[in-house]
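Sharing a structure here in C-alpha cells format.
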Amino acid sequence: MSTTQHDMVNRAEAGGHHDHHEPPFIRKYIFSTDHKTIAKQFMFVSLFFLVVGGLLATLMRWQLGFPSQPMPGGGVFPDAMMAPTPGGAIMLPEFYNSLVTMHGTIMIFFAIMPLLVGLFGNLLIPLQIGAPDMAFPRLNMASFWLAVPAGILMLASFAVEGGAAGAGWTSYAPLSASGEYTGVYLGQQLWLVSLAVLGFSSLAGAVNYISTVINMRAPGMTWFRIPLATWALFITAVLVLLAMPILAGALIMLLFDQTIGTAFFLPEFDGEPLLWQHLFWFFGHPEVYILILPAMGIASEVISNRARKPIFGYHSMVLAIIAIAFLGWIVWGHHMFQSGMNPMLGTSFMISTMAIAVPSAIKTFNWLATLWKGDLHLDSPMLYAIAFVSLFIIGGLSGVYMASTPVDVYIHDTYFIVAHIHYVLFGGSLFAIFAGITFWYPKMFGRLMNERLNKIHFLLTFVFYNLVFWPMHNLGLQGMMRRIYDFTQYEYLQPLQPMNRFITICVFILVASQSLYAISFFWSLFKGEKATNNPWNSNGLEWTVPSPPPHGNFAEMPVVYRGPYEYSSPESDTDFLPQTTPPRDRPAPAPVPTPQGA
Amino acid sequence: MSERPFGTRYALVAVALLVAAGCGGGEPGGEAGGGEAAPMESPVDPATAGHVSAAVTFSGTAPTTAPINMSSERVCAEKHATQPTEQSFVAGPNGGLANVFVYVREGLGDLQFPTPSAAVVLDQDGCVYDPHVLGAQVGQSLTIRNSDGILHNIKASPSENRPFNVSQPVNMDTNRSFSVPEVMIPVQCDVHSWMNAYIGVVEHPYYAVSDANGSVSLEGLPPGDYVVEAWHERYGTMSTNVTVATGQTAEISFEFTDEMAGSYVPIGAPIDLFHPDGHRGVDHP
Amino acid sequence: MNWSWMLPESFSTFGGEVDAIYYVILWVTGIVFVITEGLLVYFVVRYRHKEGRKATFDHGSTRVEVAWTLAPLFIVIGLGVASKGVWDRMKRDVPDGALEMIVTAQQFEWHATYAGADGVLGTDDDFTLVNELHAPEDRPVLVYLRSNDVLHSFFLPEMRVKQDAVPGQEIRAWFEAVQPGDYTLGCAELCGTGHTTMNGTLTVHTQADYDTWVAGQVAQQQ
Amino acid sequence: MTTHAAAVGRAPMPGMEVYNLKLGMWVFLLSEVMFFTGLIGSYIILRFAHPEHFAQPGVVLNVPLTAFNTFILICSSVTMVKAFAAIEQGDQKGLKRWLLATIALGTLFVGVQVVEYTVLASEGFVPMAEAYHAIGRGNPHDGPALGGPLYGATFYTMTGFHGTHVTIGVLCMWFVLWRASKGAYTAQSYGGVEIMGLYWHFVDLVWIILFTIVYLI
C-alpha cells in the first residue's frame, strides 16, 4: 500500500503543480500545460488548416474541371498566381503545382496528423490510462507552440516571390533541389524549414506519449486493459519517434542543397536523386500508418461502444496494430516501383507490401464481427465510424492493385493513386476524426453535439465524398496522370472532361456541406445539450470524471479491474461495465483522495 | 524555471518566425524600381550632345543556321510561311550583322540616368522570341508577351540579377525588371527548347541592337571618350575607343569574321567557377 | 462519363498479361468488396437498436480469426507470385535482338535518338527527333532512358510502359508493339511548370514502313 | 525539463523502476539514433555509389588531430561518470568539480573541431559542390582524387551535426552546473545529472562511430 501512497502523491504532482489556485487566463488558455487544453488548441489550429487545405483543393479542382478557363473571382489573386486576361483570371501552372504541393502537405502534416496525434493523443492518453496529465506537461506545451510557427511558415510561403513550393508533397529531388527547375526559390526553403520545425513538435509529442503510457498508468491498467485508441496512439508515437528524425535528416540535406550549395541530390555533381526518395519514403510509409492507426483505434472505441458489444478479438486488434507498425518499415519501396530501382528489390517490396494487407484485413473483419449480433445505436459518431470502416475497405482493396507491380506500372502516378490515398486519408482518417470529435465532444466541452445537423452533414459528406473520389479510380484507369495542370493537352484524355467537371462540381458541394459540421460544432458549444459524465454509457476511465474534467483529471486514484470493452456483460445489470467497477465478489477498496480531490 | 517565461519564449520564437516570413513575403517580384522611379532630369545637355554611329559587319563564310522543326507545336508551325531557322546568325544583304548588342561600356563616369517609364517588350510569336536580342536599362520594366496562346515558360538565368522562371499558358503579359547591369542575360523556353533570347541590361540609355543592315546609333552622348563594346552570341565581343565631340556624330565599325567562330562568349557578369578565367561562357561547337 | 472498370485496350506483347493480372485482382477485390460491404449493410440494418435488444457478450473466437488471417494471406501471396513473373518480364528480361534507341527527357520535351540505317547507336547516321517516337511492330524496342535535368516518367499507356527517367542514370525500358498506329507518349512524373505539355506520339509502323521511314530521315539529315 | 524530476515521480506500475525523466531521455535518444542513422546511412550509400569522391583516410582529413579530439571526448565521458558517482554519494563539491571538468573538455572538443574546419576550408575542402570545379583539385573526374563534392558535403553535415549536439550538451551542462550550485541535487534526487550523463554518453558513442567511418575507413 505504501508504494501506492507514494506513487499516488507523485502522480498528483505530475498533473498539477498548479491546481490549488485558478491560473491566469494566458496560462489557462494560451500557454497551458493541461493536456486537455493543449488537445483543444491542436484541434482548433488543425481544423483551421483542414479548411485551408480544402479550399486549396477546390481551387485545384476548378482548373481540372474547367481547364484554363477564367475563374470567377480569380481576380482577387496576385498576378503571380492567376494571370489577368481580358476574359478573366486564369490559373498559372506554377500556382497549380503549388496548390498540389500545399494541399498535400497541409492536409497530411497540418490537418490530419495533428488532429489524430495532437488532438486525440493529448486528450485520450492520460484520461484513458487514468493519469492526471502527461509525463512532461511543459514539453507538451512546447510541442504545440512549435507546431504553430511551422504552420505560419508554411502559409507564409504563398506570399514570397516565386510562390509556394511546387514540387509535390513528396518534393522529389532534383526538382525540389534547385529553384531554376521550378521558379520557386524561397518557397521551397520555407517548406523545408517548416516541416523540420514541425518534426521537432511531433518528436516532443511522441516522447511524451510513450513515457506517459509506459509510466503513468493507473493501478490495474495492464497493457492488455488499455483501450485500443490509446494502444494505437502509443504505437503511432513510436512510429513518429523513429520516422521523423529520418525525414529531418533528409530535409536538412535538401535544404543544404538549396542554400549552401551541397550536392546530396544533384546528379550534375554525382548526387543521388533516388537517395531522397528512399529517405523520404523510409519516413513516408510509417507516416502513412501514423495517419491511419489512430483512426483505427478511434473507430474501434466508437464501434464497440455504440454496438454495446465487446470489440471482437481485442488481442488480435492490438497485435495487428503492432504488426502493421513493424511491417510498415520494410515496405517503403512500393512507392518507387517505377523509380528505376532494381526490379529484384521491387519484387521483395511487393511481397512485404502484400503481407501488410493482412493485419489491415484482420482489423476490418474484427470490426464487422463486432457489429454482428450487436445492439447498434446509429447516432452520428457510429455513422461516421461505420463510414470509416466501409471506406477503409475500399481504400484497402484499391491498395492491392498498386501493390501488384505489373499493374502498378500502368496505374502508378495516375488518378487511381489519388483515389486510393483519399479513400484511406479522407474516407478513412477524416471520417474517424469526425467520429472521434463527435464522440468525445461532450468530454471536451461538457455538451453534446447537435445530432440532427451531424446526421445531415454525414449524409451529404458520405454521398458527395464517394461521388468525388470513386470516379477518380476510373480516371486513373483511363490513364489520366496525377499532378497535371491541363489534362486536355493529351488527346486521349479529352473524353474525360465531363467526368472531371462532374467531380469538380461534387467537390464544391462536398466542401460546402462541411460548413454544417462547423455550425453544429459552434452551436453546440453554447446551445448543445448538457452532457453527464458518461453520456454514452461507456466503460473507459475518461467517462468516470466530470465533463469537462478538472485539472489533474481524477479526484480519486482510479483502480482498474478489467478491459475497456465489457459491454452487455452478464456480470452487470446494465449493458455496460466500467473498468473501475470492482468485481461483484470483491468490494472496492477505500478510495484514496488525491490532493486536488480533497 | 517558472512556466510563464518558458511559454513566452515560445511566443517570441513564433513572432520572430512570423516576422521573418512576413519580410520574405514583403519583397515583391523583380518589379521593384522600374516604373515607380520618379523620372528625373537627364544629366546630359542636348545642345552639346554628340552621337555614335556604328556599322557592324560580318566577313568570311557565313555559318549555316539549322532549320527549326516545329512539327511538335502545330499552332506555331502554322504561323510561319517558310520553315523558320535559328537566329544565332542573321546577316543582311550588304554584309551587315544583325542581333549584335552595342553599348557604351566605359566613359560615362558616374552620370545618373532616369529610368525610362516605357517598357521594352519581349514577344513570343510563333514560338520565336521577338526580338531575339534586346536591351533594357536597369529598373526599366520588361514586358514579356505571349501572342501564341499556348503554354510558354520564360526562364531567365542571369548571374547577377534575380533569376526567374515563369510560365504563360494563354495570351498574356508578364512584367519583370532587372536591378543591376548585366551583359547578357540568357532567356530560354523549356517547352520549346529552340526558343532562346538574350537581354543586355545597362545603367544608361546608350545601347542598341544592330538591325539586318548592321547599323547601330547611340544618340545624345555627352562629349568625351568612350569605350563601346559589341556583343554577338556566336562571335563574342569586340570593343573600340571613340571620342565624341560636341554635336558631332562619331563613326565606328565592328567587323566580325568567321575566324571568331567558337571564340569565347562572355555571358553575365564575372565569377563563374566552371570557367578557370572566372567568366561564364557558352562554348559553341 | 466512363464509369467502366475495364482497362483501355493494350497494344504490347506483355500488355495482355498485365491486364490479365489486373482483372484477376478486379475479381478478387470485387468479391471481397461485395461480401464485406454487403455484410456491413446487413448488420447495420439487422442489428440496429430496438427496444429490449441486448448485444451478445462475445470476445471473439481464435479459430475464426486464424481463418480470416490465413485466407487473405494466401490470396495476397498468390497474387504476389502471379505478379512476379510478369514484372520480371516487363522490367528485367529484355529480349535479345531488340531495336535500340536513346530517349532523353528534359524540361519539357522527349528527345528520341535513333540508330540510323546501320541500326547501331553512336554512329554518325544517328538522328534525333523531338516528341516523336517511332517503332516497328512485332519487334522488341529497347529504350535507354536518360534525363537532362529532373525526374520524368516515360509513359506509354497503350503499351503498358511506365518508367521514371532519372538524371545521372541510364535506365532500360522495353516494349514490343503488336499493331501499327499512333499511340500516346506522356510524362507521368511532375517535372515543373511545363509538365502538362510534355507529351508526344508513338508511331508504330510495319517493319517495312519503318525502314523506309528511317531511310527518309537519314536522307533528310544529310 | 530537468526541474520536473521531482514533480514527476516514479511510476505507479509495480516493478516499473524508471522515473519519467530517465525514461523520456531514453526514448528521446532512440529518435537521435534514428537521426544519425539517416545521416550515416546516406553517407554509406553515397560513398558506395561514388567511391571516387572519397579520399583515402588521412589524405584530406587530419587523423592524428581528430584522434586526439576523440580522446578528449572519451575523457569527458569519464569525468561525467565521476560527476554522477559524486552526487550519488551526495558529494556536492565533487559533482560541481567534475561537471566543470566535463564542460571544459566538451568545449575543448568543439574548439578543436572549429580549428579543424578552418584549416580544411582554407585548403579548399568545403561542402559547396561548385567549389570543387573552381579549385582544380578534388574534381573526381580529373587530377589526383582528393575527394569530390559528396565528400565535403557528407563530412561537414555529419560532423557538424555531432558538433552541434556537443555544443547543446555543453550548454545544458552549464544549466545543470548552475542548479548544482544551488544545491538542487542530492544523494536522493539526481535525475538531472543522470539524464545529462545519458545524453553525454550517447553523443560520445556517436562520435566514436563517426570517427571510425569518416576518418579511419
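Letters A, B, C and D name the chains as they come in the text, with residue numbers starting at 1 for each one.
Following the convention adopted for this analysis, contacts are C-beta pairs under 8 Å (C-beta built on N, C-alpha and C of every residue); 3 or more make two chains touch, one makes a residue touch a chain.
Model, not experiment: these values are computed from the prediction.
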Geometric centre: closest chain by C-alpha means: A
Comparison of B-C and A-C (more C-beta pairs in contact): A-C
Taking each chain's C-alpha mean as its centre, the one farthest from chain A: B
Whole-Å gap between the CA centroids of chain C and chain D: 48
Geometric centre distance via CA averages, chain C-chain A, whole Å: 31
Whole-Å gap separating chain B and chain D, where each centre is the average of the chain's CA atoms: 51
Centroid spacing, where centroids are CA-atom means, of chain B and chain C in whole angstrom: 45
Chain B residues counted as touching two or more neighbouring chains: 151, 153, 165-167
Residues of chain D touching at least two other chains: 130
Multi-chain contact residues (two or more partners), chain A: 92-94, 138, 181-183, 270-272, 485-486
Of chain A, residues touching chain B in the complex: 18, 26-27, 30-31, 33, 68, 79-80, 83-85, 90, 92-94, 138, 141-142, 145-146, 148-149, 152-153, 156-157, 159-162, 179-183, 185-186, 190, 197, 485-486
Chain A-facing residues of chain C, complex: 1-8, 14, 17-18, 21-22, 25, 28-29, 32-33, 36-37, 39-40, 43-44, 47-49, 53-61, 64-65, 68-69, 72-73, 76-77, 79-80, 82-84, 86-88, 90-92, 107, 149-151, 153, 155, 157, 160-169, 171, 184, 186-197, 199
Touching residues (chain side chain B, partner chain C) in the complex: 69, 71-72, 150-151, 153, 165-167, 190-191, 193
Chain B to chain A touching residues, read off their complex: 3-4, 6-8, 10-11, 13-14, 17-18, 21-22, 24-25, 27-29, 151, 153, 155, 157, 162-172, 174
Parts of chain D lying in touch with chain A, wherever the complex brings them together: 1, 4, 6-14, 16, 18-20, 23-24, 27-28, 30-32, 34-35, 37-39, 42, 45-46, 49-50, 53, 127-130, 132, 140, 148-150, 152-154, 157, 161
